[in-house]
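The next part holds the structures, each set out as structure tokens.
Each of the two complexes below includes chain A, the first together with chain B, the second together with chain C.
Here is the complex of A and B:
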């Protein structure tokens, strides 16, 4: 394994872990089936990109059209990406989470994901349409030798992953996390004991949006590119598969799921000879495998590899 | 304590509750009886705020709560249980109680992010309070079991204990004995009597008339969405209209 490959793997793992921890908070803990999760990651990525890129009139950038181009220094673009993810969650949550039943929420969020991708693809003057944004500046790249920059980016990703994990663990293991789990189990009963389900859902939806936005910022800073083709709605399904396989409601399960599904599947299928079958067969098989994985786990082990832990309090009878 | 006046609840032209007015006296158990489809559970849901009223007013402790959402009524001390078991299945029995407590610094996003040291003292006190309730209701040994694995009767007890964790002022019980083993029915009866002696006000829907007679100070009879009588159980037995409508059946 060469170092470039390892760096690539570690950064993708970090981004996927961050995304899965956020989705676990929304779906695993609070029970919100956010089928538009990838949109929040995309908003973070676009925001971080246009905050760090120069105006589209700059010599090397004039082949694309986009808003913003503020050329702000790191870490403002990442913070901006996170804030944008949270801000998007406000109107989306306000429309979707207040009145709709949870199954209709899932459908509405899936539709939102499709609409958002279609609009960005076709509204070229906004974010350069289907071609997407290229030459996104990598954070602090001019301070490092290109040979060592990858290690720096791994460190940066690791710090963000650790911070997000700290937030996720604190939420899940707190009385607030317990309230979210109660709402997930029986929303009407939670209301009858004084919990405001709309406020609870909105809050965790925004927290998830912020974290998703941050993951988008990290990803676009590394790949220096962002386009509608990388945030199609099936990407959300991969993250759902990861959380379901890892163990809904368990942060460690979400981490494990992120390593097994988005990272693992990508990497394992890399070793299948590309000469097998027609072009496009391997990516297609990846999707088949992810679908089968979700069905298999929901059928045989719905609690996942690392189930949500049972909380036993100090001094409990044996 | 609770005055509901001319409460109506319509479902697309069907009058489930049709001009019901009742008063619930403090420190008493008021029973609500009637045949299936009389509108008792709908009325309870309207009082608790789970369903909005079509018209009418609800005053709780002198405050008009007609437009308040269910969660705000619960915070005022108007707490309900449900006709069907409504435990938080994948939370332990102890967690089912703890989640209902109102004053825990860790029960907000801010509190959670501040970390365990910020809320652990509140949590310890509430664990003690919850364990005292579990002991009183004979369920200490079950505290770490998932609530979803409990029997029907134990789930009823969990619901009552969960409601008590809120320190309610008026407890709305919707058929607390339904589907419960006779031994636990007796236990629930004793617990409710104890709670009344401690001054808790209860409004209870119940089908088992012997239980209603033993427990309730006042009984309200509903049929076809209306109140057709109220008083003590013995006085109601003397009213032919009520006997015909319900008590004979």
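Here is the complex of A and C:
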């Protein structure tokens, strides 16, 4: 039982770290307030699910309706999920990132997140509507004893997390990352020295979409389930809280934020007995606390627990 | 065909509701530079204030006035306690959007344990039916249209013919210059939050009265329609928001008749996307969405 709890915790931690690293690239480094981040995770999850599930005519699956059902072998569904996240970023970025002022971008993405959820909930034949997809096959489950499968999945998640972290650190420290920061700090100045802000934003939006899609694939393979109720727009706000608490623009901060907010916070509040007050009081208060965390940090410590390092040129005159 | 004429009638009601809400939202943005994402939640809170009064046996029309007063007081305090301090601190537009979204999330979840998940509705007769050709509306709906027309005329009068309205327009155009000319911009901003808050509260009660029932989850749906109307008209432009409300009200009701009422917000979103691609500055504004953010 305890090892089950630990496995659960580690896998969620991995998925949250991956998501926070991606959001940090978009929000922390490039300054894009992607309020529809969870939609990219959801697209990855749905894609991974329908690529790995058998067709909806299969005997055990006939209670749900969905497109696809290709039964492709593992890594392909996860890779497909990542690609789907990246592909979705292209049209969304095309509409949102080209002409709009940055606060309009934020509200457009927020509205997209609400609407995408409404559409998927109401259009049942596409991805089984509000009930969602169940019995998503766990990757390579037949190769392992069910007792040890959890450890294998932790390993798989850890490898993906490490790969994503490597990519994120390389991007932040590359000339491209430097250009993104320049654009975030002063878009007009970056444009004046010949950088194309739309191309820069589009690239990081797609990269973030790919990583978000991968995180969705990992999550749905583990919980073997995906439905509109798990990707409501407030889920994105938790990730924003994590990045703001951890430290915008700092990869280590994003990792720390992922461990503190979605993982730590959920675990701590798990120990509050849910019998206090009317039903739904404790979950509602958790959301209130997330809001307070964001406002509190933006007021008292906007740079987060681990602030972005100030990058100074060593040879600069005083 | 008569289906569409009937839908046109509903469109008149819905544009009235949207207009009251969208004018308030867009004035907040235009004059105080605040995209207040908690607007939908303030609307729904006011609707609940009126609901509890109504449940205690008080007429919904009095509840509507109290709801508007609640919206005004709440918005004023929200600005004074949260938004204004953050703006004084120099938080960027983006930071303010995140703050208002956090406020919206907190409000929805503070309300939830109090009012519950379930839909409620006002105890108020719908009044008699009034027929104008194929358009059939209830007396309440006619009254809603009347309220909206009066409110729009009042806003027009306020902006064009009063000193306060002039000061608001000056503050909207250039706050620093307005202050240097001796306009007490702080008091103007306070007045804006009181007035737009009253519009927000009124819109919440009117919207709840117009729909058969309402629940806490309606806040987000309200917000999407309002955003679509405000952006379509050109954000920050009260007259633009009126035009936006007329168009969004008609388009959503006609699409509901032609297609499915479940997709009303999706249609509003479709309009929003089209505007953002084709004319991001909106119908009326010269700069609007394309102006550089600070």
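To be clear about the criterion, the second predicted complex is superposed on the first by the 310 of 318 C-alpha atoms of A that agree within 3 Å, B and C clash if a C-alpha of one lies under 4 Å from a C-alpha of the other, contacts with A are read in each partner's own complex, and residues count from 1 in each chain.
FYI, contacts are C-beta pairs under 8 Å (C-beta built on N, C-alpha and C of every residue); 3 or more make two chains touch, one makes a residue touch a chain.
Keep in mind that what you see is a predicted model, and the values were worked out from it rather than measured.
If you put the two complexes together on chain A, you find that chain B and chain C both fit without a clash. In the superposed model, A:188 makes contact with both chain B and chain C.
Comparing chain B with chain C, more residues of chain A are touched by C.
In the superposition on chain A, A:70 makes contact with neither chain B nor chain C. Looking at the shared chain after the overlay, A:313 reaches chain B, while chain C stays out of its contact range. Touch criterion met: A:110 reaches chain C, while chain B stays clear of it. When the two complexes are overlaid on their common chain A, residue A:284 makes contact with chain C while staying clear of chain B.
Residue contacts after overlaying the shared chain place A:240 against chain C, while chain B stays out of touching range.
Contacts of A:302 after superposition: chain C is touched, whereas chain B is not reached. Closest C-alpha contact of chain B with chain C, superposed model: 7 Å.
Residues 188 of chain A lie in contact with chain B in one complex and with chain C in the other. Listing the residues of chain B that touch chain A in their complex gives 48, 50, 69-72, 74-75, 79-82, 86-92, 94-96, 98-100, 102, 104, 106-109, 111-113, 115-116, 119, 122-123, 127, 140-141, 143-144, 146, 162-163, 165-166.
Taken together, the chain A residues at the contact with chain C in this complex read 31, 33, 35, 95-96, 99-104, 106-108, 110-112, 114-115, 118-119, 122, 187-188, 233-234, 237, 240, 244, 277-278, 280-281, 284-285, 287-288, 290-292, 294-295, 298-299, 302. Listing the residues of chain A that touch chain B in their complex gives 167, 170-171, 173-179, 181-182, 185-186, 188-197, 203-204, 207, 249, 308, 310-313, 315-317. Residues of chain C touching chain A in their complex: 35, 37, 82, 85-86, 89, 91, 93-99, 101-103, 105-106, 108-110, 112-113, 116-117, 220, 224, 227, 231, 235, 260, 262-263, 265-266, 269, 272-273, 276-277, 280, 289-293.
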